[in-house]
Amino acid sequence: MSEIVKTEPFVMNIGPQHPSTHGVFRVKVTVDGEQITDAEMVIGYLHRSMEKLAEERTYTQNIPFTDRTDYLSSMSNNLGYCLAVEKLGGLSVPARGQAIRVIMAELQRLASHCMGAGAFANDTGAWQTPVMWFNRERERILDIFEMTSGARLTCNYMRIGGVAFELRSGFEEAVRNLLPRLQQTIADGQELLAENEIFIARARDVAVVSPETAIGASLTGPMLRGSGVAWDIRKADPYSGYEKYDFQIPIGYKGDAYDRFTVRLEEMRQSIKIVEQALDDLPGGPHSTEVPLAFRPPAGEAYARIESPRGELGYYLISDGGPSPFRFHIRPPSLINLSVLKEMTVGASVADAIIALGSVDIVVGEIDR
Amino acid sequence: MSGFGITVAFWILAALTLASAGGVMASRNLIHAVLFLIVAFLGVSGFFILLSADFLAMAQIIIYVGAISVLILFAIVLTPRAERDNSETSMVLPALLLGTTLAAVLLFVLYDANWNVTNVEPGLSAEVLGSALLSVWVLPFELASVLLTAALVGALMIVRRQEDEEGDSAS
Amino acid sequence: MTLTLEHFLTVSILLFAMGLVIALSKRNSIGILMGVELMLNAVNLVLITFARFGESTMSITGHAFVAFIITVAAAEAAVALALVISVYRTRGTIEVDRLKLLRF
Amino acid sequence: MSTRWWSSTEFAEFLSKLVPDSISRVEENACYLVPEKLVEAMMALRDDADSNFVHLTNLCAADYWDKFEVIYHIQSLEKNCIASVKVEVLDRENPVLPSVTSVWHGAWLQECEAYDLYGIRFENHPNLTRILLWEGYPGWPLRKDFLTMPGGLQPGLNEFAGTAAKPEPPVHTVE
Amino acid sequence: MLSFLATDHWYDLRDLANLYRVVLEGLDHIFPTGLVYVLTALLGFIAFFVVFVLPSQLYVGVYGERRLIGRMQARQGPNRVGPLGLLQPVADAIKLLQKEALTPRSADRLIMWAAPVLFVAPAILIFAVIPFGPRMVFADIPVSLMYFLAISSLPVIASFMAGWSSNNKYSLFGAMRIVAMSISYEIPLVLGLLAVSVLSGTMSLQGMVYWQQDIPTWMILIQPIAFAVYFIGVSAELNRTPTDIAEAESEIVAGYLTEYSGMRWGLFYGMDIAYALGASAFAATIFFGGWSLFGLEQWVPPWLIFILKTYLFYFVFIWTRGTLPRLRIDQLMSFAWKFLLPIALINLLVVAVERLIWTSNDLPDAIVWAFGAVNIVLMVGIVFIWAKVFKYDPKKRPTKPRLVNEPGGYRPVDLEQGGPSL
C-alpha cells in the first residue's frame, strides 16, 4: 500500500505495555503505512541498579541478585557468578559439584528455550497453543528445580565452591523420566512449527543478520549461531567440565528468525544429550568445597563467562581484598543482542518487527538489571 | 401497492434516507458524512426491496456499501487530517437556491403530469433480468465489462508512482 | 393507505436535489463525489419506480438500466478516487477552491 | 581446548609493533593504552590477521576514586583467543574517551551504559544517551562518590591497593 | 417431495413451522390481519432468535470454544463456575455488564458508541435467510445468496468505525487492515459462490438444499474449489486465524477493539461468534446439504441435522484458531489477488461450460459426479501449476540447522547441503 500512496509517517509505541515485548520493554517506531522507517528502543523500566547494590554485599550475598537478572535462567546466572568468584579466589570445585552444575545449567537451558521457542511461536500468531505446550514441559523442569533447591524460578542453588545442597533421592529417576517427554515436545515443535508452511512463510528471510554484522555487533548465543558462526563458550572455553561431554554446535544457514528458532530447538536436543551423559557418570564425593561465608578473595580482577541460554553471560569482578566486590559488572547477552534491533526492523513491516524482537528472545530483567 | 407493513416501511425508509442525505450535507466531519452516506445507500436499497427489485437491492448494498463507501473511506484516511473537514465553499447559497428550484419544478411536473400507472405487480425476478441482460442488452452488457476493465487499468495508471513525476511537479 | 408512484418519485426528487446541493457546494473533492453518488442513487430510484408502476411490457428495461448505472458508478468511483489521490500527491490538497491550475 | 588469554607482555609486544607509541604502561593484568591512539590501535588489532580481534566481548568501566578505567575484552573467534585492554581516564570532572563504535558496532549499547552510569563521554559515538536512567538524572550512580551512606559509611571499601591519595569522603550530617 | 412431512400437527417436532403456523392461526382469530402480520413477525423473531438461537449458539460459541481451545492448549479451560464450568458464559456476561465502558477523551464519542450497535444488527440479519428446515426459513427470498454477501459486507464498516473513532494508533492500524482485507477477499468470495450458483441454477439457499437433496450429493464434492475459496475468504472476512491480522494480538494489541471495554467489547466479542456461526451455517447449507442428510431427514428433525452440521463446521474454525500461526498482511493480499482470484475465475469458467454441457444435452443428474471428478483434478492441477509459477518450495532449505563439532568463525553455507531459500 505504501508503495502506491504516501501516507503520513507517524510514531507508534510498541510497548511498554504490549503483548509481544516480553516485559516492560518499549520500541518507538516511526511508521510509514505499515513499513517501519525508524526504530528506537527505550529501556530502563526494570532497572534495579544491581551493580551498585552488589558493591555493598558480600560475595555470597550477591548470588540471589544473579537469580533476578535473567529470571528465566537463574541457574545459569548463578553458575556464571560463582565461576567468576572462584576464578578470582583461585578455588576449585569437586567433580560431583561440577557435574551437578552442568546438569542444572542444561536443564535451565531447556526450560529457558522452552519459553523462548513458545513465545516466538506466539509472536508469529500461533495463538497461545505452542506456548502452553512448551510451558507444560517447562513446569516439569521447574518441579525438578523445586525438588532440588526449594525454589522454582529464583533457585539460588549454586554456591562459591560448589552447590548448596546434595541432590535429593529420586532426582536421577525424575530427570530420566522427564527427558523422553522433552524429546517428544521438541519433536512436536519441529513438526508442527518448524515444518509448518505458514510459520516458514512468516519466519524465513525475516530479520536477517549477516555473519559480518553479527560478529561486529558482538552478538552471542543463538543469535550468532543462527547467522552461521560456530561459536559456543561451552566448546570454545569449556568450564565446569564441559570438555568431558559429547555434543555439537548447531548453526544456521542465513541468519534469519527461522534459523534462530531452529537453532534453539536443536540446542535443546543437544542439552538432553549432555544431561544424559552427565547423569550416566555422575561422580561421587562432596558436592562443594568449604568456603568461608565472608569470603575475601585476594585483590585482583577476573572475567568469567558461560554460555547462558541467551548468549555469552560474563561476570567481571574486581576485588580489593575486602569481603565485597569493588566492581561487579554483568555482561548481559540480552542487551547486547539488541544492538542489531535497528538493522533488523528498519524497512520491515510492523508484523516482521515483532518477529524480529521475538527471535532475539530478550529477558527484560537482564537488559535493565 | 398497499398494506400496513409496506406503508410503515415506506415512511421509515423515506425519513431515514432523506435525513441521512441531510446529514451528509450538514456534517462537518468527512468521516461522519461518509457514514451518513452509507445509511442513505441502505435506505435506497430498502426502497428497491419495496419495489420488488430484490436482486438490485442486494447489488446496491454489495457495490455501494461494500465497495464504494469503503473506497471513499480509504481515500479519506490516506489523505491527511487537515483535509478531513467537510465545509462548504462560497457557492452554498446559489447551490441551495438551484437545488430548491429544481426540486420545486420537478415536483410540480410530477404532480401535474398524468402518468399511465398500473398497480399490477410486474413479476420481475433475477432470472428475467439475467436473460434480458444477455439477450436484449447484450451489447451494453459487454460494453460495461470493457468499461470496467478500462476503469481498472486507468485507476492503476493514475495512481502509479512514476519516475518522471517529480520532474513534472518541480517544473 | 396506498403507496403510489408519486410517493417514491417525491423521495427521489428530494434526494436528487440534496445530492445536487452537496455536489455544488462542498469544498472537498471527496464530498463532491458523495453528492454525485447520491444523485445517481436518486436516478436509480426513479428507474426502479417506473419499472414497478409503469404500464410498459418491457418494464425490465428499468432494472437493466439500474444494473448498468451501478456498474458505471463503481468504475466512476474507482477512477475518481484514484484522481483524488493523484491530485493530492502532486498538489498537496484536494480542496476544489485551492486547485486553481486550470482556472482563468 | 580452551580459549587462550593473551598475557599483557605478549600483547604489548605485539601491539607496539603494530601501532607504535600506543601503549602507556603494562601491568600484570592488562595493558594500558593511550586514549589518543585507542581507535587506531583497536582498528589495527581487529584487522590484523595475526590478532584478528573481530569480536568485542565486553566493555565496562570502573571507578578507582582518583581515575576511571574502561576495560575492553576483545576476542578472536577464528583463533579462539581473548585479551584484556584497559584505558585510563584521569580527568574526573570531564571524563572523555574516543568511542570504538567505528571499530565494533557492538560497543554502541555498552558505551551508552558506561556513559549512563559513570558519566564517561565517548566522543564520536553516534547516539550517546542515557539508556537505563532517564535524561536529566542527577549524577552518575556507579561512581564511588555518588552516595554517602548515613554515618559516613561509603559504598565499597575505603582501602584499595595502589591508591595512595584518596579524596576525603564528604561528611554526612544528620539534622 | 415433502410427502414425508404430511403431518401438520403442531407437536410434530420434525418441522417447527407447524407450531409457528398454529400460533399464527390462533392469533388471527383474535387480532385483525395486518396487526397479526406485524405481531407474529416480531414475536417469532424475538422468540426464535433472541430467546432460542442466539443464546444457544453464543453459548456453544463461548463455552465450547473456550473448552475446546483449552483442550488443544494442554489446559483445562473454564471449569470453576457451575458444574463443568457451564455457567462461565453467564459469569462473563455479568462481569462485562458491570464493567465500565470507557471512552477515551479524544475519541469520537458518537461513532464509538454507534459502532458496536451497528456491528450487532447484521449478525442477527444473516440468520433471516438460513433454512433450518424445509419450511423453517424466515425470509425465503430468491436472492438469499446475494443477501448473505450483502449483509456480510456491513460489519466491515462497523469495524472501521470502531477503529477510527477510538483515536488510537493500534486501532487505526486494525481499521485500515480490515478495510483492505475485506476489499481484497470479497471479490474471490463472490466469484467462488457465483460458481455454486451457476451449477445449481438458483440463488436461493433453500433451492440449493433441494438441489443437493435431489441429486443427491453434497456441493463440496462437486465444487471443491468453490469451497476452498469460500472457506479462506470467509475466515479472512471474519478475522479468524490464520488471517486475523485486524485483531492481531501480538502485533497491534487488539486492533480496532483496543479501546473498547465492558459490554461494548462484549457485543463485538459475542457478535464475532455469531458471524462465525452464520458463516458456518451458510457453508453447511451450501456445501454440506443443509438440513438434508441422504434421506435421514425423514426420521431425524431436519433442524437438528442442520445445527449439528453448523457446529461441525464451526469446530473447524476453532481448530484452525488453536493451531495455525498468522500470516502477514502483504502475504494475505498477494494470496488473495495472485492465487484465490485466478483460481476462482478459472473455476467459474469451467463450471459455466459444465452447466452448458449439462443443460443443452439434457444429460442425467448423475453427470455432476463426473463434473466433481473433473473439478477435483482441476484443483490439484492448479495448485501444482501455481506453486511452479511462483517457484514456491518451502522445504528447499533444511528445517534443521547444521551441526559442527569445533568452534571457530563463520562457516559458509554448503550449497550441496541446502542453499538459501527463495
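Each chain gets a letter, A, B, C, D and E, in the order it is written, and its residues are counted from 1.
Rule of thumb we're sticking to: contacts are C-beta pairs under 8 Å (C-beta built on N, C-alpha and C of every residue); 3 or more make two chains touch, one makes a residue touch a chain.
A quick note: this is a predicted structure, and the numbers were derived from the prediction, not measured.
Central chain (C-alpha centroid nearest the global protein C-alpha centroid): E. Chains B-C form the pair with the most C-beta pairs in contact. With centres defined as mean CA coordinates, chain E is found 29 Å away from chain B. Spacing of chain B relative to chain D, judged by their CA centroids, is 72 angstrom.
Centroids of chain A and chain B (each the mean of its C-alpha atoms) stand 61 Å apart. One simple way to say how far apart two chains are is to compare their mean CA positions; for chain A and chain E this gives 42 Å. In chain B, 55, 59, 67, 71, 74, 78, 159 are the positions where the chain touches two or more neighbouring chains simultaneously. With touch defined as above, residues shared between interfaces to two or more other chains in chain D number as follows: 54, 77, 80. Shown for chain A are the residues in touch with two or more other chains, namely 5, 215, 229, 231, 235-236.
Residues 407-409 of chain E are the ones that touch chain D when the two sit in their complex. Residue ranges of chain D in contact with chain A, taken from their complex: 1-3, 29, 54-58, 60, 62-63, 71, 73, 77, 80, 84, 104-110, 113, 117, 131-134, 141-142, 146, 155-157, 159-161. Within the complex formed with chain E, the chain A residues making contact are 1, 10, 12, 18-20, 34, 121-129, 132-133, 136, 190, 192-202, 204-205, 211-212, 215, 225-232, 235-236, 248-254, 259, 262-263, 266, 349-352, 354.
Considering their complex, residues 1-11, 13-22, 24-28, 30-31, 33-35, 37-38, 41, 44-45, 48-49, 51-55, 59-61, 63-64, 66-68, 70-79, 81-86, 88, 90, 93-97 of chain C touch chain B.
If you check the complex, the residues on chain A that touch chain D are 43-44, 47, 49, 51-52, 55-56, 213, 215-219, 229, 231, 235-238, 243, 299-301, 303, 305, 312, 314, 316, 318, 320-322, 324, 326-327, 329, 331, 335-336, 338-340, 368-369.
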